[in-house]
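Take a look at these structures.
The same subunit A turns up in both complexes below, where it pairs with subunit B and then with subunit C.
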Partner chain A sequence: MTPLIQAQGLSLRYGAKQALDDLSFTVAPGRVVGLLGHNGAGKTSLMKALVGLQAAQGQLSVLGLTPGQDRVALLEQLAYIPDVAILPGWARVSQLITLVAGQHPRFSAERARALIRRTSVGLEDKVKNLSKGMVVQVHLALVAAIDARLMILDEPTLGLDVLSRKAFYELLLDEWCDGERSVLISTHQIEEIETLLSDVLMLNEGRLVLSLSLEDIDRRFVALGHDPTAADAVAAAHPLLRYRTPGGSAALFDGAPPPEVAALGQRLRPSLVDLFVALTRRPEINRNQGL
Partner chain B sequence: MQAWHQQLPIYQQLADRLAARLLDGELTEGAPMPSVRALASGYMLNPLTVSRALQALDADGLLEHRRGLGLFVRPGARDRLRAAARSRFLATEWPALRERLRRLGINPQDLDWTP
Partner chain C sequence: MDRIARFRSLLLREWMQHRTGWLVLMVLPSLLMALLGLFDGQGVDLQVGGSQVQVDQISSQPMVLQSLGWTVATTGLALLLVLLTVLGQLPGLARRDRQDRSIEFWRSLPTSHVQAVGATVLMHLLLLPALALTAALLGAQLVTLLSTVVHQGPLAWLQQPWSLLLGSLLVAVARVWLGLLMAVLWLSPLLLLTMAASAWLQRWALPVVTAIGVLGAYWLDPRLPQPLLGPALRRIGTEALYALIAPDLFDGPRHLGQLDVAETLARLPLAMLQDGARVVASAATPAFMAALLGGALGFALLVLRRQRSD
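Let's look at the complex of A and B:
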């Protein structure tokens, strides 16, 4: 399968700030890829580079096109919701559908209406009368009605309550993820999105610190739950991170810990949040330090 | 959102939950299994995770493929599940429970057997 995205040595600099630093990764068809990073880590810059809205150095191919050169053609072939997306408040949902149908050659008004009917939004509702969660669902329905193989969502659920976030992800899973199309989605809500993902791209200060499938994460990283009395022996084996669990203490290792250390505890499924903390250490968020 | 514990892989936990639904009769024998998409959005899981759970149930002989129709609950699946759950209880859970009852001095007549 040809990858939908291929990046090799991708870099982006704003003046003195290195926003993206030598990123190389691929996104295959049929994946749900989480783009994770702190504020300012480069998530939005990367997404803009992928859709050709921001020039970057290095090799980049998206849907077989070069974003910097083929921006118009590319934007017609992917579904993109930027972090600053706004729908006009005066418009009715049905008017938005007509509007997009007139602008976008691969948009299906019929499918958009079918997707809207799955939500609690009415076609004649005005955007300004909808809750924030409903507006985001309308936006998703609009971009999911584009005949595309790649969707790029920049912090789509930011500021939504838990029920709206759930409704958003249900719509995404049910109506977009068909095993062929892929979605790249940036978010801070790692715990919530973890089980939806097939792959993770983790950015820290412009560098890609992890690009791996969830399956390979489970294979490569080992979390070891252990009794507090074993803490010293576990610490001596140099884990990436030590943290508390409901049942006691745990440590995260890159690769299998030595057998005598592994014997001190029970192997746990490594959580993405702990991995994120371990790989993007910043003192203010190392919530479980100081054991 | 769904809570998944860290002791087992998520696909295994989903397989266990689906097996419990089968035991409860909520998924009936001979009936079609819910689709991967429906399960993915219902449990908020990646479709690949759902497929792995279904593969695990299939490997345990609980499902059958019908050409062009998809996955169905295999007739006899409940009996098969119950037999597996029974032998697991008798082999591993009961000895621990018996030990605990003995330590607490609880006799069969102390227990409430009314359903």
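Let's look at the complex of A and C:
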């Protein structure tokens, strides 16, 4: 199956700052991929490069097109919500539908209206009178009405309350994810989207530190819950991360821990948050904590 | 979806966003003139250069002159308001989508940067002003109707030489559109470079543009073997003004004034056509090409700014 996104040696630099450093990954059809990283890790830069709004070095193919050269053609075939997306406050929702219909060949105004009716927003409401959560829902309804194979969402729920976030993800799952289309979504709310994801891309200071499916993550990484008295022995096995759990302590290993260490505790399912912390903590912090 | 349909949608966006202000601008001149027409009950004594000049009420003039007078006055007022509006809006226009933070939304749509900037420029510099001036030309006819009906009765209005008047009106509309187009092209270096400066430099744009103009004209020009900026600005201003206000017709009425009203009106379309041809001829000069190049540079800077909008 041809990947929707293929990146090979992708790099991007803003002056002296290396925003993306030699990234290589693929996104297959029908996947929900989480793009995780701290602020400034390069998530937005990567997404802008993927939709042709930022020039990057290396090989990049999105839906078979080269984003830098075919930006307009590419944007015709995917749905994209940028990180600072604010819909224009002067517009009514119905006007936005008219305008997107006039500019996007794969946009269905009828479907957008149907999606909007599922929300508490009226078609004649002005954007400036909507709450932030409502605006994001309108935006999602607009992009979900695009007949595309790929949706790219850059921190779409940033600043929303929990109810608005829930409504957003429900709309996304119900109306867009059909097993064939893919979504690439960046967010800081890792716990909330963990259950939605099929794959994870993890960025740390511009470098890709993880590109795996959740099944492979479960196979590869092992969390070991243990008694505090076994802490020294577990630490000696050089886990990626040691952390506290409600019942005691735990350690996260890349691969199976040595059998004598594994025997000191019980295997737990590693959470994405713990893995994220383990893989994206800065080296100096790791050094200070003796990891 | 073809490019034209997409461009139309971009123009529609401009209309949706700014229609209230422009609708006011389209109606206001005619409305003011209509009020003036209603109260046109007596003449006015003016003191001009120490001597007393009596201006009769407009409704005492021959019908055709009333019609021409209201047309010129309404269109002139509309032109003034359009100029003030366009000049007032231009700097903000370049930063509009960044200021309301919607730029990323617009950039996420499959539209080329050239089309997006082009639609904004075309709509605000040409189409909306053309609509406002056309509305004024047509509105002036309503003003004439109102004024005539109030002061002389409807019969007087119906007795006008309609074939001549309508012919003149059609040519006047064409002349106004042509004049606007040529004026915008002549002024394009100033307009688009000011917009570009506003897009790139934001609040520093106006001081920087003013400083460049002043330094160029008063410091640089005297040091050059041949002054450059001052004469260029004067040429641009003169050509744009002449394109807009039909200077040949100002020379003409003195000549035309010696003819009777019917003859004046009969000659007006031809005079406007000749004047229009002269305005077009002014484009066949190196100065006009230089103006277009300056405008193109400003446009390119605007596109580049939208491309790099972060």
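Assorted remarks:
Just so it is clear, the second predicted complex is superposed on the first by the 281 of 291 C-alpha atoms of A that agree within 3 Å, B and C clash if a C-alpha of one lies under 4 Å from a C-alpha of the other, contacts with A are read in each partner's own complex, and residues count from 1 in each chain.
To be clear about the criterion, a residue touches a chain if its C-beta (ideal position, glycine included) is under 8 Å from a C-beta of that chain, and two chains touch if they have at least 3 such contacts.
What you see is a predicted model, and the numbers here were worked out from it, not measured in a lab.
With both structures placed on the common chain, the touch criterion links A:Leu99 to subunit C but leaves subunit B unconnected. Of the two partner chains placed by the overlay, only subunit B lies in contact with A:Glu170; subunit C stays clear of it. In the superposition on chain A, contact is made by A:Trp90 with subunit C only, not with subunit B. Within the superposed three-chain model, A:Pro82 lies in touch with subunit C and out of touch with subunit B [touch as defined at top].
After overlaying the two complexes on the shared chain, residue contacts for A:Val51 are found with subunit C alone; subunit B is out of touch.
When the two structures are aligned on the shared chain, A:Asn39 is found in touch with neither subunit B nor subunit C.
Judged by the document's definition of touching, no subunit A residue lies at the interface with subunit B and also at the interface with subunit C.
Here subunit C touches subunit A in the complex through residues 1, 5-6, 8-10, 12-13, 16-17, 97, 100-102, 104-112, going by the rule given at the top. Listing the residues of subunit A that touch subunit C in their complex gives 51, 53, 71-76, 80-91, 95, 98-105, 139.
The residues of subunit A lying in touch with subunit B in their complex are 32, 162, 166, 169-171, 173-174, 177-179, 192, 195-198, 214-215, 218, 223, 225, 245, 266, 268-269, 271. Those residues of subunit B lying in contact with subunit A across their complex are 1-2, 4, 6-10, 37-38, 40-41, 43-49.
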